[in-house]
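Have a look at this one before I ask anything.
First chain written, first letter: the chains are A, B and C, and each begins at residue 1.
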Amino acid sequence: MRKDGHDTFIYGSLIPLLSASLKGISQVFLIEKNITGFIILIAITVSSYSLGIITLLSAIIGTLVGKFGGADERLVNKGLMGYNSVLTGMALHLFLSGPYMWVVALVGSALAAIITAALMQFMGEIGIPILSFPYIILTWSILLATYKLDTIKLSPSLTPQNLLNWEFNTGGKIHFIDYIFNGIGQIYFLANAPAGILIFIAVFWAGKKLGIYAAIGNVVAFLTAYILGGEHTLIMLGLYGYNAILTIVAVSVVFTNENSRITPLIGILAAVLSVPITASVSILLLPYGLPALTMPFVLSTWLILGARKVLPRL
Amino acid sequence: MRKDGHDTFIYGSLIPLLSASLKGISQVFLIEKNITGFIILIAITVSSYSLGIITLLSAIIGTLVGKFGGADERLVNKGLMGYNSVLTGMALHLFLSGPYMWVVALVGSALAAIITAALMQFMGEIGIPILSFPYIILTWSILLATYKLDTIKLSPSLTPQNLLNWEFNTGGKIHFIDYIFNGIGQIYFLANAPAGILIFIAVFWAGKKLGIYAAIGNVVAFLTAYILGGEHTLIMLGLYGYNAILTIVAVSVVFTNENSRITPLIGILAAVLSVPITASVSILLLPYGLPALTMPFVLSTWLILGARKVLPRL
Amino acid sequence: MRKDGHDTFIYGSLIPLLSASLKGISQVFLIEKNITGFIILIAITVSSYSLGIITLLSAIIGTLVGKFGGADERLVNKGLMGYNSVLTGMALHLFLSGPYMWVVALVGSALAAIITAALMQFMGEIGIPILSFPYIILTWSILLATYKLDTIKLSPSLTPQNLLNWEFNTGGKIHFIDYIFNGIGQIYFLANAPAGILIFIAVFWAGKKLGIYAAIGNVVAFLTAYILGGEHTLIMLGLYGYNAILTIVAVSVVFTNENSRITPLIGILAAVLSVPITASVSILLLPYGLPALTMPFVLSTWLILGARKVLPRL
């Protein structure tokens, strides 16, 4: 009754690999669920075939680096070696151009897994999760390197600016309904309603609480950015929203504090904070023409998680 | 013989809160003494009523965040949850403008306490005091965010500059006597003789040793900046002095080394170092138009405190 | 049969001091061998007398700071308190000008030892070697400070640039033979064939394996930089090479991983990575006109050493 080699390969290796890879896609949203990852992959693929392909390949590459590098199996199976690779592959696909873009994006996704491992080691000591920090520093580094390496070409959408000549521009109309799906979509670099709806479904599939907090984070970001006077075009594109959503999910659902009765409020506070932090990070990066990526989410979340140890009621 | 409710409130809550808050004001100078805090509060209020009000409110807010957040009571009562809030409130009051300045300054002072908690956690591991680092990164972040958030307005005194067009300007007269009270006053953003004298008195009140070292640090900074060729206007404003004073107090009085016979010399060395570090930090911040704040003090002090563990005779 | 005082001084103090100092020179190349240090000192002195003098003086100063500061004797005797001083002294000699350049370079070499001690303390906790990080941050700081301190003059070869006006320039001829000795020479800021040959000899003297890996790293850097489209003049000057050589030596020879069968491959991977990292770091520093120094080596090595703990097969 032994299985033949082919079956063994599929059930013994391929299925777990795919499952871990799909979880890698969902872990971008701090969710460990392959169905959620699969629905999100569809949302991405529907928006852009090539982006869908790079997402899946990056997830697989990150997972494989974890497996062959000898990482703890539970880590790999939870998709934790994959999500930084997913984000890196997608970001490089979007922000690079030229004939070697694919090669760089896939090599980048492998490097993301190595940097993930390094940062797990460095940050493990202080007991704070690395979140998507590995992806951020890797992607920024590669985007900067394009200026000095002729083979890698930057997308013309990214241009350095001088803070001396900076002009603030509030123009643009605000429509809450048009906004709502961009905020959640931008977590995967998407800004269209069908993708946003699919991702919402995927998140609700993983848990009602996750979905509700994501929705709250989305609204909080909109209101905060609007009240603080953020540029309307950026608000509408969801560029203040995605960091707030990730932050509230991290603070109120994933890394919760059992001592606190005000966890929901702290999550909202963290989401509010992510908005001015988004503004700060963007200005800091202005002279280099780099996008903020998920750095505001990482900073807001680290801030609250760190503060909790000294202020246990947060 | 029980106290009535009103008394209980005053003696049980209000007085300790005020005491912790005044200590928060003195902790900016690394001193834990409410009388010192009170005299300094007068020095600030005499210079500017509104600055005095924001100083006291910020100190109270920081202390309250510590109390309600559940921080260790000793920490709160020593004023250690307050001093970063004091500095943040004052800095935002000075570097922001527009109708919402007060709101942002007071919210900022609350945030400062949360960041203080987070950094205590992160840096506790390596056994180095956080000093005023929380205030620095928070204030820089908020000042940067103003460029992208219309509601918060930056004071026109802060302008980004391009290092390519940087012109060095030594001009300006040097008068040691005019200088002497600016160096110490700038610790609280003040540059007038009466305030400087009051702060000197407040520091001497806390201890003769503190006052003497503060005076030495002030002179050392003047001489170092003059010899190294610093801009005369900046020297005269005390902008090289306050970091040196804080540094020598930290290294030679507060965080002393019992194994060292040359503690006074090491303090002077650290004060000397704070001068070129002030120059470096200022240039690094030039493209963003940010002030150096107390970053030079933090860096010089960390340097010596860290080095002492490996070089125990320092 | 007791030795007289003079002999005691020479054998008891001077010889160990000189030996530790020469090892400080070799430790720049991650080698602990005084003969290697001596040959390299000759290579430097032949290229420039004054650079040779500053190299030896800086090594002695760093070692003395370690001795008198009370550092662990083994640390001092291995040259580990000296190599950051050597690099700092040399870099300041090259990148500063004006009458006080020598004073600043020698004071800088003493400071390098103090910063080395501080960073050993801070980074000891996470179990990662400090490499030449102390030298890098110190040298950058001093170079930045020149803009605001009239006494210290920057060499005109360093000029800030604006990324907005950045023009990529691939021009220049590629000759592999001309290149080969620049890559290794640049570890000590040298770009001439005799110096490169002497340094190669010095490294082989310390161990055949060291020499072979250094040669491999040199070739890997050349090919990687060429394929990625690096500027030909920079490639030819060895400015992509020296970081790759140091990285492969660190990863494959000095900090090896006993669990890994692919150590040579990982070393080559790390050397390859150091090339785009060199590009990124250079662009990041562009607005400040600072040189990358050995930062790419430090980052690539930290990355692999950190990742190994989570990915034990690397």
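Everything below uses one rule, namely that a residue touches a chain if its C-beta (ideal position, glycine included) is under 8 Å from a C-beta of that chain, and two chains touch if they have at least 3 such contacts.
Quick caveat, the model's predicted, so the values are computed rather than measured.
Q: Specify, for the interface formed by the sequence copies chain B and chain C, whether it is same or different in terms of residue numbers shared by both sides, with half as the dividing line.
A: Mostly different residues: under half of the interface numbers shared.
Q: Tell me the angle, as a multiple of 5 degrees, of the rotation that maps chain A onto chain B over the C-alpha atoms.
A: 120
Q: How many angstrom between the C-alpha centroids of chain C and chain B?
A: 37
Q: Where in chain A do residues touch at least two different other chains?
A: Residues 125, 162, 287 of chain A touch two or more partner chains.
Q: Quick one: which bits of chain A touch chain C in the complex? Just the residue numbers, please.
A: Against chain C, chain A makes touches at 65-66, 68-72, 75, 111, 114-122, 125, 140-142, 144-145, 147-152, 159-162, 287-289.
Q: Help me check something: in the complex, which residues belonging to chain C touch chain A?
A: 125-126, 128, 162-164, 166, 168, 170, 227-231, 259, 273, 276-277, 279-280, 282-284, 287, 302-314
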